[in-house]
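Here's the structure, in structure tokens; my notes come after.
Order as written gives the chain letters A, B, C, D and E; numbering starts at 1 within each chain.
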Amino acid sequence: MNPGSFSAIFLDAFLINNFVLALFLGICPFLGVSGKVKTAGNMGMAVTFVMLVSSLCAFGLNHLLVKFELEFLRLICFIAVIASAVQLVEMAIKRFSPTLFRALGIFLPLITTNCAILGLALFQTAREYSFVQCLAFSLGAGAGFSLALLLMAGLREKLELADLPGLARGAALSLILAGMLSLAFMGFAGLGG
Amino acid sequence: MSDPVHLKTSPHLRGAHSVDKIMRHVVYALMPICLFSIVQFGLSALVLILTCTAVCVGTEHFACRLNGRPTTVGDWSAAITGVLLGLILPPSFPLWMAAVASVVSIGIGKLFFGGLGFNVFNPALVGRAFAQAAFTVPITTWTPAMAHARFKEFIPSTFTFPFAAPPDLRPWMERLQIDGFTGATPLALMKFDYVDTESAKLFVGTVAGSAGETSSMLILLCGLYLAYRKMLNWKIVASVLASAAVFSWIFWVKDPSVYPTPLFTLTSGGLMIGAVFMATDMVSSPVTPLGVVIYGSIIGVVTVMIRLFGGLNEGVMYAILLANAATPLINNLTQPRIYGAVRRKKEVKA
Amino acid sequence: MHLSAFNLSQFFGGTFSHGIHPAENKHFTEAKPIERLPFPAQLVLPLSMHAGKPSVPLVRKGQEVVRGEPIARADGFVSVPLHAPATGVISDIRLMPSARGPRVMSLILDVYPGDPQEVLYGAPVELDALSPKEIVQAVQDTGLVGLGGAAFPTHVKLTVPEGCSIDTVLINGCECEPFLTTDHRLMVEQAADLVKGTRILMRVLGAKRAVIGTETNKMDAVAAIQNVLLPNDTVSVKAVPTKYPQGAEKMLAKALVGREIPSGTFPSAVGLGVFNVATTTQMGQLMPMQRGVIERVVTVTGPGVKRPGNYIVPIGTPIRWLLNRCGFDGPAGHLIMGGPMMGGTVSSLDTPITKGCGGLLVLTEHQLTSEEQMKRYPCISCGACVDACPMHLNPCELGRLAYKGQYEPMAERYHLNDCFECGSCSYVCPAAIPLVQYFRIAKSSNREKVAKAS
Amino acid sequence: MSDIAQDAMELPPQPSPFRLVGTLGGIAVLSGLLVVMTYQWTKPAIERNQREALERAVFSVLPGAVRSEPVEMTGQTVFAGFDEADRRIGFALESEARGYQDLVRILYGFDPDRQKIIGMTVLQSTETPGLGDKIIRDPAFHANFEALDVSREVEVVKSGAKTEAWQIDGISGATVSSQAVGQAIRRGAELRERVLAFYRGDQTNRTDQTNLTERGGQP
Amino acid sequence: MSAPEKMNLQTFTQGLWKENPVFVMMLGLCPVLAVTNTAMNALAMGLATTFVLICSGFLVSLLRKVIPKQVRIASYIIIIATFVTMADYLIQAISLEVYQALGAFIQLIVVNCIILGRAEAYASKNGPLKAVVNATGMGLGFTFALLCLGVVREVLGGGTLFGMQVMPDRFQPWSIFVLPPGGFFVLAFWLMLFAAFEERKQKKGVTA
């Protein structure tokens, strides 16, 4: 598969270099919002959506910055764009789908400081992706984040009914689980190569 | 005549199986495979299996003691983990690494989550995946089957000093007059050199590979015994094998010169032992009737996907671990439709 | 997603899906004809041996009663009267231990020794002349309740709820519980009464046909019933493959006529009326004479008794007396009232045989469950319970939730309230988890919470 | 509803919108100033670092080179390397392919006279430590690239099976990573063609070359 | 931690141990896991974060009376982003190798919750000197945590420390520790160790 193709970039961000499990981006929400499958699903949706929007915004913005030779302002601008994108998304959802807003609402402000979103924008710029490639990248990253979050939430929900030893409470348990998921995802290495 | 002493609630009868009986029979079913692997790989395989079993059982025992709980060795599950782990490591694997893998299997893979019944991943595979990531070279070093001196001497890497790197096996293999053997499991040959291995050989198992994964025929027979005793969910095995066969058949039909036949897919590598003994681990597999089929299909498809398109030539381990991770979700999504469930459609009509 | 849309189970095996096959153990008594025992010296008659309101005594302490005479009246609609099972004198009215534990108000009847014990009460009645409503009243007057174990007043079941109409009557002769053979013997020996009772039921409910359902291990019963059926009869008999819990009405409905009773409703919702063989037989015997229930057939069985058999005993016979007659003199074993799957242990040997008691099972100590089998393990998610549950619930998940005391999600997400405690899951569980007990606790806890909230 | 209530509670000490915008603007100006200052201040050092890193890489794939200069091919920059006598040794070309984990980016030295590759270095890879990362520094593997014939399609063979000049001895156990390097070199064929074309044109037109040398003196 | 408190040793040590941003507060885990495969990277990352913490803490504290409440978060983010960009250029100027090893994670310091958290919870309520001292403590605590991971991962995963061979020649490196799963496992291990340590201390405190 051509490394620049839509499917290759999607697969890469989705499974091979999963944002959470291989690149450690978005660990905080990953550990924080993975207690229940339902909330995890909503969070995954919210992140994917914001990723898509902010990735495309960042793509356009980067073009402008390059055009005016203002690359040194990139970081500040990206942050601003993501924050306003989240705000816009929040407002739009609130306006058009109150049910969706109730499901996603509380996560949206959290997403602003989610490094997966900024990381996505920074990576796509560093790799000089085209518009279509950005699309694939953000969709793949969002799907990968959601998958990891859902798997994690399922496992944690199941382990809630377990007799965990004292050591395995709280964050340590989540981290070990994440480590195992990360081990399992190593199997996808080189997929499509 | 005195009054009854037992005040119990129903039911007062119990079925014939118990957890330790099931586990014990799984160990029995693994014995022929162990024997065959010793016949095939000699003394090194023997000590490898023994080490893994002993360390697994020992870890479980001492961890329970440390926590001040009665030992849970009696349920035989630690023994299964140990034997299985021994069978899925390469025969030349240094013993100290096998011991590390065993401790990880039981320690992180099982006891950390609260012991038997709560381990979300198959413990033996956790140990192996850890070893695969930690000791990449030794775990992909293969030695030939039926080497002529296998009952007289150990493979030089077996008794590597703890924490030291194993010695290069090439001089030893040259002495045995086997050349260029490293990496030449049937799967590697297929993937990188498009060399097919005779199906008969694969079926009987006289090829290189992990200690106990080579003979698909024997594994299948042992699995049949367990399925006959109702100690193994045959639906999982069937769906793993069927999905792997169908998925690889699609590609084989497309281009037989590059992709292996479905039969090769089924009989090569660890698919058979994975499907029969690993995927069917009760604790980490779904319980719902539809769930087990989905679970099995995930394993089959992901295995073939990794084998054909991934960087690795074998993907059973990762496929099963991933399916384990998905098990709670599968269980959630495939709750059986209960008897007399009130369907929404009906309500609408009424 | 699910295959039940076209009901595969109807093609293969012709019965409900899932369920278990415990050892039947019917050989102790299945060939033994029903035998009448002499009267014990004293009978204990709890005023609430049926589901519903306890009956109200019509007699005083020291009053003489004649066999068959009503001695307590029904208190309201969901209640039944009680008839004297023997001629004698009411020696006391006091609290007595019941099989389940709590003490209940009971009439103590001292039987006159040497009395001929003839039933003088009741007069023949032309049933065809009565309207269904009158028959329902007549049924209540007999004191008939579900003799299969539930002891639910039969006349209440005969009152079809508004909006439902019943087209088929099912007679439950499965007797899927191991050891018990009461219904089996009744079908073999009193097939005529059974069919008579069935026709009465059909008439009351306005049903067009009736199916007597039994299992393939009771083919002699099928033959006996077929003997008394007319050619092209609206009553038919059908044997389905032996499986537990075939005798649960929901399973039976599925097995016999392929209908599924929706969750939370009664068989009447799908046009069915389900009645037990013993109840129907008694109906066939009592109704034409307008008599009351005074005795019943009880299977006394198990490796712990020397003379197992099917015995007719008066209601109120103390268990101790009955067991003595059957040759149980060993150490206190494991005594179960009813079948081994759903019956309960007995708190005291002084408790009596009630209307709902169809069997007494005595298991010896080692027969129970050996030490090795009793060892508890954590749930290993083997899924055996999921494959066994006839209601297609997920006992595995329910058990895990119950273990952690999360009772509410059990009912909300995993249909706890559809469990009818057949015990199949506990039976198959290799980890010996007392699933049914868990579920009972969970249900009662949930009930309490609901009660508190309202 | 509750939103309104919340807003109302936060409202009381409302500063004028001008002050809000003013503060933000002020901070933005301050930040812009700081960033620009740092950018200007660090620029020379960064450029020097980058040049040095690049030269190190170029020199490592063109043995004997002491000076390099960029040559613009259509769409891609290659680097010509010169020895002490200022003779051109060859060109350093970049290529990439999918490896085991992520992209493997390599830089290799190409000698157009002999149509051979004379050196290779891995610019970026995240191959498995201990196995795939042997492509970075395994001497036996790197020996493949001392004189690799690229006049025909390059082939990666099993470890120790190299018999022809256009074959690469793979690393045992790291077949995918070795294949990735081979793939990257095969991918470079088209670029090499262009370099060759440029080089031939160059041979016939000496002046152009001197021109280019002068231009590339100090980028 | 309320405003009128006097500056003391605790202002500094707070972040080192009792409120260690990683082990106790579980903040900023992305870099903790992502760039600790070698001790060098861990150190560089820690120092860069400390730099941003100190500078932004100082500036926020200076401007704390100027910035209106409504726009404070936006202002803080701009300030932090400024210093992150500066750190980015500085590292590039100092060592390209370190810069390439850390990759985008330097820029991702912007979204590290520690920094915004400190700015909001401490610097905006305290004087510049106190803010700087506290930020230094926090930064060093963060660096300490990063080093804890980095050292273990590099020594076990590669047999080296800061690039120097520390294990015997024949030592078999456990490459899992430099791979992503190793990061999770080592952090979990440190957390468990930390929790066990705290528990023992508490027990002692109770008995004493």
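The working rule: a contact is a pair of C-beta atoms (placed from the backbone, for glycine too) under 8 Å apart; a residue touches a chain by one contact, two chains touch by 3 or more.
Since this is a predicted model, take the numbers as computed values, not measurements.
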Starting from the defined contact criterion, work out which chains touch chain D and chain E both, please.
A, B
Smallest number of touch links from chain A to reach chain B?
1
Shared chain contacts [chain B and chain E, defined touch]
A, D
Please list the single chain whose C-alpha centre lies closest to the global protein C-alpha centre.
B
What's the chain with its C-alpha centre farthest out from chain A?
C
If you count the C-beta pairs in contact for each pair of chains, which pair comes out on top?
B-C
Farthest chain from chain E, going by the mean of C-alpha atoms per chain?
C
Distance from the CA centroid of chain C to that of chain E, rounded to the nearest Å?
71
Centre distance in Å when chain A and chain E are each reduced to the mean of their C-alpha atoms:
22
Distance-wise, how many Å sit between the C-alpha centres of chain A and chain C, to the nearest whole number?
60
Quick one: chain B and chain D, Cα centre-to-centre, how many Å?
43
Flagged in chain A as touching 2+ other chains are 72-73, 76, 163, 167, 176, 180, 183, 186, 189-190, 192-193
Residue numbers of chain E (touch at least two other chains):
74, 78, 81-82, 85, 89, 175, 179, 181-182, 185
Quick check on chain C: which residues sit in contact with 2+ other chains?
378
Spell out all pairs of chains that touch, sorted by label.
A-B, A-C, A-D, A-E, B-C, B-D, B-E, D-E
Parts of chain E lying in touch with chain D, wherever the complex brings them together:
63, 66-71, 74-75, 78-79, 81-83, 85-86, 89-90, 92-97, 157-158, 173, 175, 178-179
Residue set of chain B touching chain E in the complex reads 97, 108, 130, 133-136, 138, 160-161, 163-166
Touching residues of chain B toward chain A in the complex: what are they?
67, 108, 111-115, 117-118, 120-121, 126, 129-130, 132-133, 302, 305-306, 309-312, 315, 317-319, 321-322, 324-329, 331-332
Interface residues, chain A side, partner chain C - complex
160-161, 163
Where on chain B is chain C touching in the complex?
1-15, 17-22, 75, 114-118, 233, 282-290, 292, 331, 335-342, 346
